[in-house]
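Next up, some structures in structure tokens.
After this come two complexes, each holding subunit A, first together with subunit B and then together with subunit C.
Moving on, here comes the complex of A and B:
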């Protein structure tokens, strides 16, 4: 298990490096010179040249990427092109907002999704099962930003129940401001998780060990909990692990729509300004979190399923 | 509080199946999987149920513990055990009987245990009704693992099923079934998934433990050798009917029904002359959506004649005290 974790961590580092390298390449394909963006349209060619040199943009691309990684090892993610503040400081200021948004979205969608999936499997072919199937497929196919726009329209503009903008001040206000964005990015996941849990429960329910538990007269609740659900949630855990990446991209839209601070909003702003150090820093941290989330979900699965633990 | 049951079984009978019929509703029609089954399971004895695949022997076993598939329905008949009619039992009453008076061992030990829970926890779980401490329950679990000759039993409590071999897992299942001290143990082909050497070990173990604990056993198998080894009484099933039943001795030494005879002829262990091809019974089972009017075995029977097509044979008394569902055993045929 320990060896497996170490192995996975090394692999994670490689994944992060590849991801950041690809991103650097992509940034260079995007039209627009960062030096020109900083200095404005009336800068002299000499000044632009000097700024490019200072930013390291005149060196070959591989050298730029290597320099970036060398700086990371020293804990230096570079500086904001405009303000000169440390990128790491800016990113870690914004990160908590996004992390809270994503965590709340995962928690509520997992809780609702597992409950809904379990209910559908136990009462399959009832009207509630059919309804949950239709609603699940419906919510899965609606993009998070559409969901965000309509939830703003309905709950903030028409009904005026919930705030539409910002992250709020203080704990309670923060929670109130979280409701709509967390709903918007989580609602599709309720459907995903419910579908997965339902299918996997129906499969587990036919397995002989469930019949054996019945043959011993175990109470239905206990059979459902420790003989069916305990196994049926495993695919959902894996799904949530990979889902973190999707949630980050959904958070980009939702943070812009709700004018919330966060990594997504930071990224959009930085890309528009060609503020390369911030883009790279934000993507680096996001990639790390996504890779870590996949690792954690794999470890949780191994923790819940002794058969997987054996292979590890 | 005894009820005034008129059909109370005799004292040495634990369970009596009376005219039991079970149907399966399928999209392509109703399958009459069991038809008019009459059987008794004596106290402390082993009843073997044999027959080829699809003859309804597992359906019969599952109906005795109320675990038939959702599309199955008891069409008629009764299963009497004490004052209960198991064929008409409510789900909650079933739950009270399972794991107390009736227990079951399943065919495939590889999948019968919960893969994500330790053996020990599963053995504690089935004792949920007992009002004794956790340590006492653990001690009982170890005691029964030792009964089924699992070496180093205490350490196995922490093991997960996948860490044990198939034979070990089936021993665990037997230990769990016996732990509940049932009056009736149903074993549905418990050795089919195991290899031959293990099979005889498990059968010998079952025989010893049955004698030790004195419970009744319904042993379902298509392996005649294990049935001969283990069972006091045997019922031979064909196409959802009991075609011959009696003591194991009578059935194996003096089989009367042509199907029983054919089945015994096909047993490789009984073939005396070297042969390149193993014998088979030609033909296949009849379609159980429309069971044939006369004798179900007629189409495959080498000795059938006109009457077999018209009359459905009842169970006639056979030569060695058994009951035989064949017109050949009709005393009136001899007289004619």
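Moving on, here comes the complex of A and C:
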């Protein structure tokens, strides 16, 4: 287990490094001066010169990438070209908003999805099973940003029940402002998770260890809870782990549509200003989180599933 | 098994049988035909010029003249939705064929090439896959600016890893298959091996996957265009229509409804069709339960 963890950890770090190299290289693949490209057409010559120096653009490319890595290790992601503030500070100011949003979204949808999937598997071919199948397919086919638009339209504009703008002030107001965005991101996940939990429960239910538990006369509830469900949720854990990238993509739209602060809103703003250091910093941090989430979900699966633990 | 003795049914017969027993598959095929058909025929079936302003009143609800109403500057939403479908299909066709070609090439290289190259390619593919599509798209936008080409480029790059991985796995499995070893022992050259044996075996699963990826591509195009980072106004794209609708959401719901319904229909259509295709080409893959 320890070896497996170490191996996966090293691989994750390498993947992040390759990802960063790709992003840095992209700046140089396209023709033109990166400094001019970053600053846009309105930049003064002095500003261009300063940026070129600050980003080390006057040095050879491999040196630039190495410098960037060295800076990352010191926690330095560079400076915002317009305000001169540290990019890491700007990014980490916005990060909590996005993390809270996607955590709440995935938590409520995982809870509903697992419950719905488990119920459908236990009560196959009942009306609720059929309904959950239809609703799953329906919600999966609606992209998050379309769902966000409909949430605004129905619950904020037509019914006027919930606020649609901003993140709110204070704890309670913050929660009220979180409901619609978290709903919009999570809805499709309820369907995904329900479908995968249902399929994997049906599979686990036919396995020898469940028949064994039944033969020992364990009560049904206990078999379902600790022998079927515990293993059947594992594919859902993997799905969520690899789906964090999609959650971030959805968060970009939801933050723009609901005018919330966060990484997504920061990114869109930075792209409009062509502020590449901020874009690079934000992409770097999200990529790290995504790689880390995949790693954690793999480790959780390895820990929870005794069959997989023996293999590694 | 006695099945082996039975004559193999033709592809057409199998397709018809699967579709007739599969209602969602048939719905999928009809939806896809409808959308692809309207995209191909768009210039002839739009009732108004999709970019012309003030062809009707502003923000009017649906009527006999304007089937989906009009937007904030009096453009006909139905015409814009049909024209937007053309853009969506164009992006899907261009980026998926580019991604399939690149994925095939990279997958074959990884599967057949030396070990170090295989590992290097896998690493790069994994790195690209760890970018969220939209976030990566925004980064590319910063560098080369938003355009139809940017969208195609972003979708292509982010789709390649999945295809390349599948081709690689299939190639590795085939590399040591007995019939390939036999061919090689008989002195058959690499090109013939690739085109006669490896490609046909790899292409099936790849095309099914591509069909199921069409909705993702379309959602990405619409999403980037919605953010103003993809297809630029006044070109009608579903994302652009949705963005106009979002800006005037308190005045009229029709642009949002008109721009979103085709996205949902496309997703349902291609997903259902992809599942039916999978059943036709590879009954083994069909999931129980």
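One rule holds for everything that comes next: the second predicted complex is superposed on the first by the 272 of 312 C-alpha atoms of A that agree within 3 Å, B and C clash if a C-alpha of one lies under 4 Å from a C-alpha of the other, contacts with A are read in each partner's own complex, and residues count from 1 in each chain.
As a convention for this text, contacts are C-beta pairs under 8 Å (C-beta built on N, C-alpha and C of every residue); 3 or more make two chains touch, one makes a residue touch a chain.
The shown structure was predicted, so the numbers you read here are calculated from the model rather than taken from an experiment.
Colleague: After aligning the two structures on subunit A, examine subunit B and subunit C and state clash or fit.
Modeller: When both complexes are placed onto subunit A, subunit B and subunit C end up side by side without any clash.
Colleague: Per the contact definition in the header, classify A:122: touching subunit B only (first), subunit C only (second), both, or neither.
Modeller: Neither partner.
Colleague: In this superposed model, does subunit C or subunit B come into contact with more residues of subunit A?
Modeller: Comparing touch counts on subunit A for subunit B and subunit C gives C.
Colleague: Check the residue A:271 against both partner chains and state whether it touches subunit B (first), subunit C (second), both, or neither.
Modeller: It touches subunit C, and subunit B stays clear.
Colleague: Quick one: the Cα-centre angle at subunit A between subunit B and subunit C, nearest 10 degrees, please.
Modeller: Value: 80 degrees, nearest 10.
Colleague: Tell me which partner A:215 touches in the superposition: subunit B (first), subunit C (second), both or neither.
Modeller: The answer is first: A:215 touches subunit B but not subunit C.
Colleague: Just checking: does A:176 make contact with subunit B only, subunit C only, both, or neither of them? Give me first, second, both or neither.
Modeller: In the superposition, A:176 contacts neither subunit B nor subunit C.
Colleague: Is A:304 touching the first partner subunit B, the second partner subunit C, both, or neither of them?
Modeller: first
Colleague: Using the superposition on chain A described above, determine whether A:226 touches subunit B (first), subunit C (second), both, or neither.
Modeller: In the superposed model, A:226 contacts subunit B only, not subunit C.
Colleague: What is the minimum C-alpha distance, in Å, between subunit B and subunit C after the two complexes are superposed on chain A?
Modeller: Here the least C-alpha separation of subunit B and subunit C stands at 15 Å.
Colleague: State the interface residues of subunit B toward subunit A in the complex, per the touch definition above.
Modeller: Subunit B residues touching subunit A: 65, 67, 94-100, 103-104, 106-108, 111-117, 125-126, 128-129, 160, 162-163, 173, 176, 180.
Colleague: Touching residues of subunit C toward subunit A in the complex: what are they?
Modeller: It is residues 123-124, 126-136, 138-144, 215, 219, 222-223, 226-229, 242, 245-246, 249-250, 253, 256, 260, 263-264, 267-268, 271, 287-289 of subunit C that touch subunit A.
Colleague: Name, in rising order, each residue of subunit A that touches subunit C in their complex.
Modeller: Interface residues on the subunit A side: 14-16, 18-19, 22-23, 26-27, 30, 37-38, 137, 140-143, 145-146, 149-150, 152-153, 157, 198-199, 202-203, 245-246, 248-249, 252-253, 256-257, 267-268, 270-272, 274-276, 279-280, 282-283, 286-287, 290-291, 294.
Colleague: Per the contact definition, I'd like the list of subunit A residues that touch subunit B in the complex.
Modeller: 207-209, 211-219, 222, 226-227, 230-231, 304-307, 310
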